[in-house]
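See below for the structure under consideration.
By letter and in written order, the chains are A, B, C and D; residue numbering begins at 1 in each of them.
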Amino acid sequence: MSSYKNQLLPMEKVFRDPVHNYIHVQHRVILDLINSREVQRLRRIKQLGTSSYTFHGAEHSRFSHSLGVYEITRRICDIFQRNYSVEKVGKDGWDDSHRLVALCAALLHDVGHGPYSHTFEHIFKTDHEQLTVAIITSPETEVFQILNSVAEGFPEQVASVITKTYSNPQVIQMISSQIDADRMDYLLRDAYYTGTEYGTFDLTRILRVIRPYKDGIAFSMNGMHAVEDYIVSRYQMYMQVYFHNVSRGMEVILEHLLDRASELFEEDPDLFAYHSQLLIPFLKQSFTLEEYLRLDDGVLNTYFIQWRDEKDVILSDLAQRFLDRKPLKSIAVDSAENPLLDQLRELVEKVGFNSRYYTAINSSYDLPYDFYRPESGRHRMQIEIMQSDGTMIELSQASRLVAALAGQGQGDIRFYFPKEMIQPHPANASLFEEDYQLFAQHIRNGRLIEKTS
Amino acid sequence: MSSYKNQLLPMEKVFRDPVHNYIHVQHRVILDLINSREVQRLRRIKQLGTSSYTFHGAEHSRFSHSLGVYEITRRICDIFQRNYSVEKVGKDGWDDSHRLVALCAALLHDVGHGPYSHTFEHIFKTDHEQLTVAIITSPETEVFQILNSVAEGFPEQVASVITKTYSNPQVIQMISSQIDADRMDYLLRDAYYTGTEYGTFDLTRILRVIRPYKDGIAFSMNGMHAVEDYIVSRYQMYMQVYFHNVSRGMEVILEHLLDRASELFEEDPDLFAYHSQLLIPFLKQSFTLEEYLRLDDGVLNTYFIQWRDEKDVILSDLAQRFLDRKPLKSIAVDSAENPLLDQLRELVEKVGFNSRYYTAINSSYDLPYDFYRPESGRHRMQIEIMQSDGTMIELSQASRLVAALAGQGQGDIRFYFPKEMIQPHPANASLFEEDYQLFAQHIRNGRLIEKTS
Amino acid sequence: MSSYKNQLLPMEKVFRDPVHNYIHVQHRVILDLINSREVQRLRRIKQLGTSSYTFHGAEHSRFSHSLGVYEITRRICDIFQRNYSVEKVGKDGWDDSHRLVALCAALLHDVGHGPYSHTFEHIFKTDHEQLTVAIITSPETEVFQILNSVAEGFPEQVASVITKTYSNPQVIQMISSQIDADRMDYLLRDAYYTGTEYGTFDLTRILRVIRPYKDGIAFSMNGMHAVEDYIVSRYQMYMQVYFHNVSRGMEVILEHLLDRASELFEEDPDLFAYHSQLLIPFLKQSFTLEEYLRLDDGVLNTYFIQWRDEKDVILSDLAQRFLDRKPLKSIAVDSAENPLLDQLRELVEKVGFNSRYYTAINSSYDLPYDFYRPESGRHRMQIEIMQSDGTMIELSQASRLVAALAGQGQGDIRFYFPKEMIQPHPANASLFEEDYQLFAQHIRNGRLIEKTS
Amino acid sequence: MSSYKNQLLPMEKVFRDPVHNYIHVQHRVILDLINSREVQRLRRIKQLGTSSYTFHGAEHSRFSHSLGVYEITRRICDIFQRNYSVEKVGKDGWDDSHRLVALCAALLHDVGHGPYSHTFEHIFKTDHEQLTVAIITSPETEVFQILNSVAEGFPEQVASVITKTYSNPQVIQMISSQIDADRMDYLLRDAYYTGTEYGTFDLTRILRVIRPYKDGIAFSMNGMHAVEDYIVSRYQMYMQVYFHNVSRGMEVILEHLLDRASELFEEDPDLFAYHSQLLIPFLKQSFTLEEYLRLDDGVLNTYFIQWRDEKDVILSDLAQRFLDRKPLKSIAVDSAENPLLDQLRELVEKVGFNSRYYTAINSSYDLPYDFYRPESGRHRMQIEIMQSDGTMIELSQASRLVAALAGQGQGDIRFYFPKEMIQPHPANASLFEEDYQLFAQHIRNGRLIEKTS
């Protein structure tokens, strides 16, 4: 019998997938990882968090995405091995002994995510990347035990892909770069599930032109437009889906709700003893990995259902707004420091809302593409296009569209406030008429303005 | 200002939908219903229950489906009004004053569903149809309040569509018949999300040939093949998706898990006091509508996470199998009464499993299509095809394929047992070697057989 | 340098294809065949003949289809070699030395088709299968020269696949059986180009379950429903696309037009000397292969454009009806011998049409699936389903739907006549009022009837 | 009976279309136009000319495209009438009495196209736009007769939309502007048939945000990204499909072939008397409208088949290269005046090719989007985005991507030459070895360079 590491399933196993048609599993290790408790937990965590409140079709989980990233990585390995093995092309080639590390890292790259990831992390100071590494390398997890059966030190190798310290830059870039299996899967998957078409690009064609070289991954010149199209699709998904102002209006509520709970917990921990047991270690800011792995979206929602009946009116109201999808409204602002904002916050207070919990500034910016800028703080690997004589040019040199997006953050800053400010309850309408009017005068074409005369 | 009933939104509102492209909302009543607490709750209940354990892409909710049923109904009303209004075609025509009832009933037809619907109902004796009616007609719900603002008695009218006692048979058949907006949406939606193609049929073409007549809904002869194709698609979805043996292997676990909890609760109610509060009214078999509306998939899963750490080994093990997706395995059997089954159960017990909780018989049958059979207990409205001279023929008279499926249940009976019976833990393999071998000898081509010699 | 036979392209070449995404070419031989004059000619011959008059989107050529059949065959060979090579599974396995024969036969299987194939064959007594063999084996063709460079005798091997005498039944069945690469491509392609969905089936899944055995090709039991779905799709395409009554109404005109030309040519060959040179060998019923290869759809249409201005009113009128898409109308009849038909023909003559050229009986029947019936004249290879223990069952034994279609021709018989019979020119309406009325009385629900009282 | 102008079909007629699902026809006038000889002729003219030599799937005709443009226009009219009728919104609204003009102009906008349009026009000095107007307004055409039955002067009104002199700018912009029904259909259709995805944009969403105003057509701000996506898609289709270097390599051959025929005709008109009758009026540069309407792709191809056997070796060889798809090869050059080009032409002559017929400079440029620049020669209507307060901003002001493409031609200049220059016939390889080497030294990364050292 072959070693566990090289053990192939007697018959390839497939998982039907709406995005990639089939996910193909050939290694026993991969099948065991998929069946592990920590990976199965990802079924209970939505990929897009509050975005499904705007795009109701997008209810898919991180589990689906993880399988997708694995599958794209597998296809890349196949192509590299078929066309560019080291045996064939030498030092610029692909060494297939790195395949299993790549596949495991791809499948596990998001295993440390928790419920409502970014918001949860922000409030409870967790870090999904550190947690991913912890799950991969901690002896108590099933994931570790499976990986460790491959070889001692194997879990650490897989983890080093996540931390970008693995020896082979090709593997690192497959999983994490400006055009990697992770991004390619989520763009296609999120486009499919939201029902939008912006995220669609030609994966088959990109896989035809992707190729290894000694320092990482490049793309043949004749596929330049496919890569360009991917960058543009990514930009459009950010502008239209990920930064959608309504989803952010729900995220703000979620953040304030968890924040309120933390505050109340500090005052009176007993408040949460009856119904929020699994969350208590986080409210205490002291948790074990096992406690972390018990959390999922449903656990938080279950507690919100119970908080809705709590006495604290802010906790109860925010829980209800979140469960029943009552997002805050918003307008675009030029700067988070705009002095007019204080006037708006005052008006919000005047009609009866606590402005700490019922207003917010939310900035969403993304760098659709960046070239190599050693001087900038955050170094990103640029996308290299290989010409027919083997020389490289950087993507934005070859594409006017990418050049237009390169090196500049895209997004906006928005001020969030209760819907009641612009659609008052009939009961309050006359009482605060002047305040509402003043508020309205500062909005035009969805932006904050000085004041309409 | 127009009455609430007729109030149209100043600008039609749309929801992006991957199946229907857009869901179009024109009436304020519909928008308010969508935003109601009871309808929003459906976001937290999966449409397909345990099927997503087999088809990982199918994680969509009953909320998405409800919007889809609404949208198909809206399109049917539009077509009826444009081409077949009573003003135009007389008594066989469509009276558009029934539109709002139809739209509300379509949107709300599943509002009474709870978590893991069929299994939950079975164990806790709830009935989603009765609960749908209760939600629509109980003064404490937001749904009732919205409907009642349309007109007194309006909630009861909407409910009467659900109970099939509404005055207009066209409306009843739109929402519930062998080819209705409900089935049409779920086939298309489930096909889209599972990534299978069996459920795909030509909705646009069916909407071109659907037409009202005085006793209900019929289809023009030139669309006969589109209707035939729908019946075949439905059959294929049942055979390949809804009755998938792995999903049923998870359902069996879920059922036994809830059953075990009920049993333990009877013995010791305190066991659940600390962590399963929202479920207690159901364990007690005495619950209010409000208590019912607090439940969702996440609530049950949260309790399963806590049960996993309980002392009772059956409860704990089944909870773990469910959370970590460890389905029971199965074979097809000709009859639930086959005496060989007792031998298999004995073997299961012998190697250490409680056969009550670790084996099951699961029968899944569906009638893909039925014609009118007054003598049969359950009367179903047959599908009528209208010829160009206005006379009707029943679908199976016109289609050889439908005739092949008509009037006969399709499906199978399966015996479920622990995977360990055919893939023993290495530790036990030799100890119970004979029992495992005996078990294996009763299986051939996935079916129960006498015994291989 | 490797022999021509085994010569692979330095870089795989692809052709973008809307149905299969990419057509992949690895062998120099295949690329050379694609670039040959005889294969390029297929660009100028429509795949669906007169069907594009009904489904305007379906203007694709036999060239596209030929590439598609090649591609599916290539994928089957890949799967067979990867999973079922003789080295691996022995006598039931696939011997990859047959690959090139299979690929060439797939690409060339339709190379002998002429313009408006079936109609042309019928009038001019040509036979596309014989011509395919002739093109493959005649020294004057480019196709022959390429194949002969592979090895002496290789053209004859390829041709023997077409004539079903090749040594390896797996190869024969790939190209020609009840579920072969030819049918699979045309169903998917015709569905794509017509914009219908009936022809859609799950090719990927069929390719997952297809497998060789010593007597040919079989399908694993777990893919039975995918094969069933293919049979149903095929049936639907025949009923709704290939047998569409309007396309047949154009085909009848084309047939009568060519028939009229033949008749006139016999009377006066000079009539065609000025403008129909490329057709003359066929009017004479004596042609060379080279003359055959000069024909295409455009050549015939060019002559029709010139015939439209000819003096013979039947030739001129039929040419015009064909070019300007004026199909004959039709009704369904129970039998071609129905004595009522003579009455209708008489009425057609009475209002001024030559009934030989302006009426027709057209029977279209297809056997959607057949099992092995040695007693029936035309033996067809049945579809075999392989169970997990390796035993076979015949498809209609496993599928109720297929059983419903098996062994019985599906289709209808129609009587064609000029549209003017039911929509008279205003000028003639009163003159022949009685005749038109009599004609109309024999039609009900699109069928010939005795007479409405 | 209603007047012909307003006559609606008793039952809406539909044409199945793979791009728009269905084409809906409600007016008798439209159905009659579709059935006219001049529109039916468009079935015999490919939409994309030589592009199908690169993208074999793209064999669709101008007929399909014409139906598509009609359908998009129809949908725009429906939306305008439903949401923005003059009755509702006043002077910025849509006056539905212009509908029929718009629909007819949409359907007929390409009716004047001939075979291989741009190349044919170039050689024979025809102008498809003038011919479109001629077909619409000349009493001998069926199109004219149908339009004239609507009302006297109606043909001229329809023609004035084509010439952009019609009274209503909304109608003109629907049919011809930077985002019109013509472009929207061809992008979607060409993307569908080529099997590429670049041309895909969200038509449904664009139709949701399009709106009339008094000076034409605008788009709501919330649809800005959909319009942006359309511009990017258009750019990508030009770069990757329409300007594909291989298609242009076939176009160059076609142009030289027709050019050679013209030259030979001048020398000896009798050469074409036997077989090229329908082309003679064009070789003579004196033709009637009726003669023009006899031409189509098949007519030209038929003559090419006969020219292939002519004595003139250039005519014969070019005809063969065209029929058998042997494109010229090419390299990118910075300028058509680059003096190195003469050296290359000399080398082409040296190895035996007539450089007039076997080399060419081909420039392909497109302006993906332009804003209003009164000073530029060719004025194009800019795309206007309407903000929520009703003010307009020009598209490139709102979109960084569009700004990157605006006002600048995109494309390239290529030098075409025989494939033999870089892949010599083995027979010639040694004879002209030095010339071939010299030629090769001027090419690097697909571009003309000084010379590699």
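Here, a contact is a pair of C-beta atoms (placed from the backbone, for glycine too) under 8 Å apart; a residue touches a chain by one contact, two chains touch by 3 or more.
What you see is a predicted model; the values in this text were computed from it and never measured.
Asks: Report back the single chain whose CA centre is most distant from the CA centre of chain C.
Replies: That would be chain A.
Asks: If you tally the C-beta contacts for A-D and for A-C, which one comes out higher?
Replies: Of A-D and A-C, it is A-D that has more C-beta pairs in contact.
Asks: Return the distance between the CA-based centres of chain C and chain D, expressed in whole Å.
Replies: Computed value for the inter-centroid distance: 32 Å.
Asks: Taking the mean of the C-alpha atoms as each chain's centre, how many Å separate chain A from chain D?
Replies: The computed centroid separation for chain A versus chain D comes out at 43 Å.
Asks: Could you please state the distance in Å, as a whole number, between where the Cα atoms of chain A are centred and where those of chain C are centred?
Replies: 51
Asks: Check each residue of chain C and list the ones that touch at least two other chains.
Replies: Within chain C, residues 21, 196 contact more than one other chain.
Asks: With touch defined as at the start, can you tell me which chain D residues reach chain A in the complex?
Replies: Residue positions touching the partner: 196-198, 200-202, 221, 225, 228-229, 232, 235-236, 239-240, 387-389, 391, 400-401, 403-405, 410, 444-446.
Asks: For chain D, which residues are in contact with chain C within the complex?
Replies: Residue list for chain D touching chain C: 15-19, 21, 35-37, 40-41, 43-44, 52, 55-57, 59-61, 63-64, 67, 192-196, 274-275, 277-278, 294, 296-299, 301-302, 305-306, 323-326.
Asks: For the complex, give me every residue of chain C touching chain A.
Replies: Going through chain C, the ones touching chain A are 14, 21-22, 204, 208.
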